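Look at the two complexes coming up: chain A is in both, with chain B in one and chain C in the other.
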Partner chain A sequence: MKAALNLRKVGLGLAAPVLAILVAFLVTSTVLLLAGDPVVAVWTQLLTVPRPRLVVAIINGASVYYLSAVAVAIGFRMNLFNIGVDGQYRVAAFAAAVFAGQGWLPGWLNIIVALLIAVMAGGLWAGIAGWLKVTRGVSEVISTIMLNAIATGLVSFLLSKVADSTAGSNVTNTKTIPAPSRVPGFAMIPGTPNKVYGFILLAALVGVAYWVVLNKTRFGFDLRATGRSETAAVASGVSVKRMVLTAMLLSGAAAGLVGMPLLFGQDFSYGTTFQPGLGFAGIAIALLGRNHPVGIAFGALLWSYLEQQSNGLQITVGVSSELVFIIQGVIVLAVVIAYEVVRRAGLRMEQRHVARQLSDQPGPSTPQGASA
Partner chain B sequence: MSTAGLKAGVDVITGAVRRPRLNPSRIAVIAVTAVFLIAVLRLVTGANDLASSGALAAAIGLAVPIGMAGLGGLWSERAGVVNIGLEGMMILGTWGAGFFGYHYGPWAGLLGAMFCGMVGGAIHALATVVFGVDHIVSGVAINIIGAGAAKYLAARTFTGTPGGGPTQSPSLGNLPSFSIPGISPGLGTLEQKQIFFVSDLAAILRALVTNLSVVTLIALAMVALTWWVLWRTTFGLRLRSCGESPVAAETLGINVYKYKFIAVLMSGTLAGLGGGYLALVAANIYRDGQTGGRGYIGLAAMIFGNWRPSGLVGGAALFGYTDAVQLRGGGTTVHAMLLLLAALIVGIGLWQILRKHRVVQGVVAVAAGVLVGAWYFVSETVPDEFTGMTPYVATLLVLAFASQRLRMPAADGLPYRKGEGH
Partner chain C sequence: MCAITDSAHSEVDAGSAGGPAVELRGITKRYPGVVANKDVSFSVQRGTVHAIVGENGAGKSTLMKILYGVQRADEGTILVNGAVVSLHSPSDAIEAGIGMVFQHFMLADNLTVLENVVLGAEKSHGIADRARAEIERISGEYGLDVHADDLVADLGVGKRQRVEILKVLYRGARILILDEPTAVLVPQEVDELFDNLRELKSEGLTVIFISHKLDEVLSVADSITVIRRGTTVSTVDPKSVTSRQLAELMVGSELPSPSTEESTVTDRPILTITDLTLAGASGRDILHDVNLTIHAGEVLGIAGVEGNGQAELVEAIMGMRDPTAGRILLEDSDITDWHTREIREAGVGYIPEDRQRHALLLDAPLWENVMLGHQTQPPNVRGVWIDAAGAKANTERIAAEYDVRTPSINVTANSLSGGNQQKLIIAREMSYAPRVLVAAHPTRGVDVGAQAAIWDQIKRARREGLAVLLISADLDELIGLSDTIRVILRGQLSGEFDPDVVTAEDLGSAMTGAGEGVGEVR
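Let's look at the complex of A and B:
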């Protein structure tokens, strides 16, 4: 009996993502048909086996997305919507880049202190939203969105103050990080000289830390309890205000690390061309991965895969690569809908199962129907 | 996760609402006080663009899309559905305005914008009302889809058109605009005389009667209509009851799903109208990324307005004004606003100390106010990067000062399933 139950659980768990990808496929195909674009050619381009160079790009992109999604997930687990990862990672990457570019400290020491600075800057920026929430009751959804816009202005102002002006170039960058303080990559994929970011290890480390803190510590338990039921958490002695502030600081601290693989593995300075929009992708990926460290990894890979594969759409089949945003958005929506549908189906199956068992039992107990 | 979020930090207001109702005379008093403050500020700082009819006309232009997004948010949240997807619906509206406006004329463009926004609303309604998905999750997804779909469709439909390209449409036709004849020139001369308060008032009136786009008038009509429908009809009472207590509404025989669905569709339509204004009136062209986060600011304006149409207009006007002033006057005008900000913060700090006996907060506020004031006196202007932040900083400050006195619909953001309320 137990084995059958587990089998059903696994089946239900797999049903949702499969259903979601199927829906995304159908919806995107419909959009393509309506717009008069070649459906088959688009899918052929998107589903070809990526070349080694692209595989490296996919893994690199995914490691950055992974950090961003974990940062978002920390908030999600206790019902906090940190939409502000986008601003937090830019403030943090800028602060770390300014420090590391000075090269005051040798080699790895420089990197470690820069990471600490990034973590603190990200945490502080998120802390503003946390503080406004606990003291003034401002919804973190709104305040983090406003802080994103403010971060854009603040960083571009400070960047113009510290910019390392190169003659004849209008690219504004912070000072380039000296060679000993760069993180070497791994030549993991054969057939290409491109390397995977060394800081993929940082992403993995953050993932493990996320899992351990949430599932194996008192703090993690309190955090999840607050997310599930605020009243129950209060009743068991959790100070919700302190939890909100701590969770926000942690989420921001993790967000501070988002730009680090890019900074130390590829760009070596922060400038106007630093990759934008990582925070919003993180929200979607955290939702895709159901806030689970392994699920998020798959979500990040899928996201990065779609992004890299769609880059060629314009050249090979003449379809705007913006199509990928439709696919990604539909997948997110379809995943959450599919989980909800599957959850309800599972609940109904459970109810029928229990009802059957009860009616099989001898005695006067008649099934009342499970209350939701 | 449930969208209602954590209650921490939000005072639960029980019994009578502390905030007095906004009746017309109160609104008039607030408006006159605001004009007076701006007049004083203009006189003290000499930043004349604080109250020129040009800046105010720009403010109206910027307030309309924010107000329409906020009104869309009002409809949906009054029925209990949080709509953070307003931004995406607005983006769909800009494309709709571009596509239909180019092919069938500006009026069709306006209808197309509303239709495309409604399509976004329909997706949100499907996800949240029919499938019971978390409202914020669905909204985030709609923002991704809306932005992607608009860019994809723009590349598909505008590439190769005369004057258009993959990221922008050809220029669109004009919608009519009105001036009330006879008044405007007189007010103009009055404004030129720079008389304290009188000229400021004249400038405002002049902005309100000169060159008003027909879409602005439609938007104002929409606000009035919303108020009337939601607060003066049976339909509105039922719709709002779905946002306060869907279970109670259900026991009275109300089809909650139907009302929520209608509300979210209306929400998308209004957000689409806001997008249509941006494309057809403000720019005469569709451009990628045209909305620039105005959907979110609209949501903030609605929260600032305490989920009421009159408050929402005030919020939209405030954000439109700060945005217009920074766009037109740039550094010098925003610099002048620093003085007002400093005075406000010091005032709040003193109030905290003298009336509330919160010494620590009060001293911190006074110190912050003095710092801002010092910034005003030692500098001549505010850097361009900072002036761009003005509307966002204003939003944050206003919410920080007002948030605890706001009351959202009781069942806002909570999932509702028919027949499960027991």
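Let's look at the complex of A and C:
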């Protein structure tokens, strides 16, 4: 009976994202039809088997998205909306890049200390929002959005101070990380010289740590309890203020790692061309993956897949690759609705199930004859 | 078995002024997990006060929600003035002349009576002078004594209720449903309400009155329909039944009683509160110089109209509010400044007033709910790690021992009935060897079976030498279970009442401050 219950749980869990993707498919097709674009050709392009080079790009993109989505999910699990992952990862990547670029420490030691700096920078940046919420009651949604804007300005300002100016180039970068402090990639996919980021392991490690801490520790229990019902958590002895601050710090710390695969596996410096917008993708992916470490992995892969596959749209079928933003947007919107629908359906099913189980047991006697 | 069932079974038409205003035929409503109503049939004569009585959880409220269009029945028909109606929403019900006064008032404090009344009914008489005149007319006609320009915030509970009634009349209702209207009133206000109801009746309006307080029902109703476990048991004439007979109809054969056995009170103080004061925002203290001592094996009951500081007292004890002054001692330890978690670890069990908001994680499985509040204690944890196996085994054990009806400990708390949720909460609090049990309204909104089980647990706690603080709005429950009763009024505790001699009337007077000092017998 327990197996049946779990099977149903898994079925319900899958129903929502599948539903959402279907809705996205329909809406996007409608948009294409209305715009007079070739519907079949677009889907053929998006759904072809990606070439090995693209497979590597998809996996690499996904590993970065994964870190971002986990950072968001940590907040989500206790009803904190950390919209500021975007600012946090940029502040952190910049700080780590400045340090690592100096090459003060040899090889891996340089990497490890840089990672610590990134974690601390991200945590501190998010901690500002946490501290404001705890002491002044400022909504973290507002403060993290503001901090994103501040982060953008602050990082550009500081970048111009520390820039390793190359004559004849208008690209500003921090000092390039010395070769011994770069993370080697894995040649996992045959048929292409491109390598998968070595820091995909970091993403996996963060995912495992996220799962273990949340599901297996007292702290995780407190955090989940606070997310499910703050009032019940307070009555159970959780100090909600401390939880808010801790969760923000952790979320920011994870956000600090978002830029690391890029920094140590591809760019080797932080500059004006460093990939933007990762934090916002993380919000969507965390929603899609339902804050579950495995779900997030699938969400991140889907996101990255759509992006890489869309690159060819303009050339092959003459449709702007921005189409993918429509698909992604609809998926997120649909998934939020679908999860709520599925949650309610699941609750009803469970209540009925419980009632059926109980009615098999000797229950209360049926009432005697009702009056006319 | 019940003699009166037959004698009083014939349709009662006391004071009928024409055909039935409302008739229900074969109403059935199923919720997941329960059949809330099953084949409910009765008719209400025009110009009468018709009472619907039944225990908590018998299905009265669901029935009334169906009649008011909030819920839809799965089967059955509703006739209003002889015509079949289909009620999809409250506006359909209002259209049909049915109005409902809910147990919890739906008034905006910072608006006037006029503004509250016209809100949502702006079309009928505008929002200004015409509406004002209409309100004064209704108020005068039915003796409601409310005035259009009074600020709701300034009105007492009884008057607010009359504003609710006026709101319904203003919308043209000829049939009024009152859901447990006396639950929030003290005895003196109840009398006033009943005068109003008689006034409405004499004007030809029909009142459906839901209650589980039999004496009140007998005094005001012209006809009484008894509901038990979701179905109509009988419709009786109040002149031909006693409250004892009515009670037996309500609960079936056996009547559970909250009364305790011989005293187990010791002279060992467990919880001592001295001069506890909690300053309020408006300058008046929410709690003022509260002193109380609960000994091992003693149940201290606190009576009071809701909102007089009992909720804050509980929160102060549980460390969820910092008192402005005063000390709280748990045996010899001063726990005043302790954090909630430390207080719970020290052995203070807590049954919160609002179980869904404060005691449960509705979306979490039962075994996680049994950890809640004890997530630092064995068998739930080992060091920083959760011991899921231990927690599950513990949940299995207490679910069996405390008769929590569930097919599995892996279902969510949301899928249990209210009574089973509450049994689980009490089982949880009792299973971590507490010294003190703080129980706020432990039987609110649970069915008769669970109520009896919960009373048994409180009696057991008392026998096992716990100090029990019982806060309840049910005066019979307080009188039955407590060794000592105190009344809280405007944040201050009265002297002690002896539950063996005190009556609900005495407590009622003390609760409103009407008879200051009267009835203090010790």
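Following the convention adopted for this analysis, the second predicted complex is superposed on the first by the 336 of 372 C-alpha atoms of A that agree within 3 Å, B and C clash if a C-alpha of one lies under 4 Å from a C-alpha of the other, contacts with A are read in each partner's own complex, and residues count from 1 in each chain.
Going forward, a contact is a pair of C-beta atoms (placed from the backbone, for glycine too) under 8 Å apart; a residue touches a chain by one contact, two chains touch by 3 or more.
A quick note: this is a predicted structure, and the numbers were derived from the prediction, not measured.
S.K.: Once the structures are superposed on A, label A:Val330 by its partner contacts, choosing first (chain B), second (chain C), both or neither.
M.R.: The answer is first: A:Val330 touches chain B but not chain C.
S.K.: Which of the two partners, first being chain B and second being chain C, lies in contact with A:Val238: first, second, both, or neither?
M.R.: It touches chain C, and chain B stays clear.
S.K.: Which touches a greater number of chain A residues, chain B or chain C?
M.R.: B
S.K.: Going by the contact rule set out at the top, does A:Arg218 touch chain B (first), chain C (second), both, or neither?
M.R.: It touches chain C, and chain B stays clear.
S.K.: Which residues of chain A are in contact with chain B in one complex and with chain C in the other?
M.R.: Residues 371-372, which sit in both footprints.
S.K.: Residues of chain A touching chain C in their complex?
M.R.: 1-2, 5, 215-222, 224-225, 228-229, 231-232, 234-239, 347-348, 350-355, 357-358, 361, 364, 366-368, 370-372
S.K.: Tell me, which parts of chain B touch chain A in their complex?
M.R.: 1-2, 5-11, 84, 123, 127, 131-134, 136-138, 140-149, 151-153, 155-156, 166, 293, 296, 299-300, 303, 383, 385-386, 388-389, 392-393, 395-396, 399-401, 403-404, 417, 420, 422
S.K.: Which bits of chain A are touching chain B when the two form their complex?
M.R.: Within the complex, chain A contacts chain B at residues 31, 35-37, 76, 78-81, 83, 132-143, 145-147, 149-150, 152-154, 156-157, 160, 226-227, 230, 240-241, 243-244, 280, 283-284, 287, 320, 322-326, 328-330, 332-333, 336-337, 340-341, 371-372.
S.K.: Under the definition above, what is the set of chain C residues touching chain A in their complex?
M.R.: It comes out as residues 9, 11, 31-34, 38-42, 228-235, 252, 318-320, 339-345, 350, 352, 354, 357-364, 368, 371-376, 381, 384-386, 405-408, 410-412, 414-416, 449.
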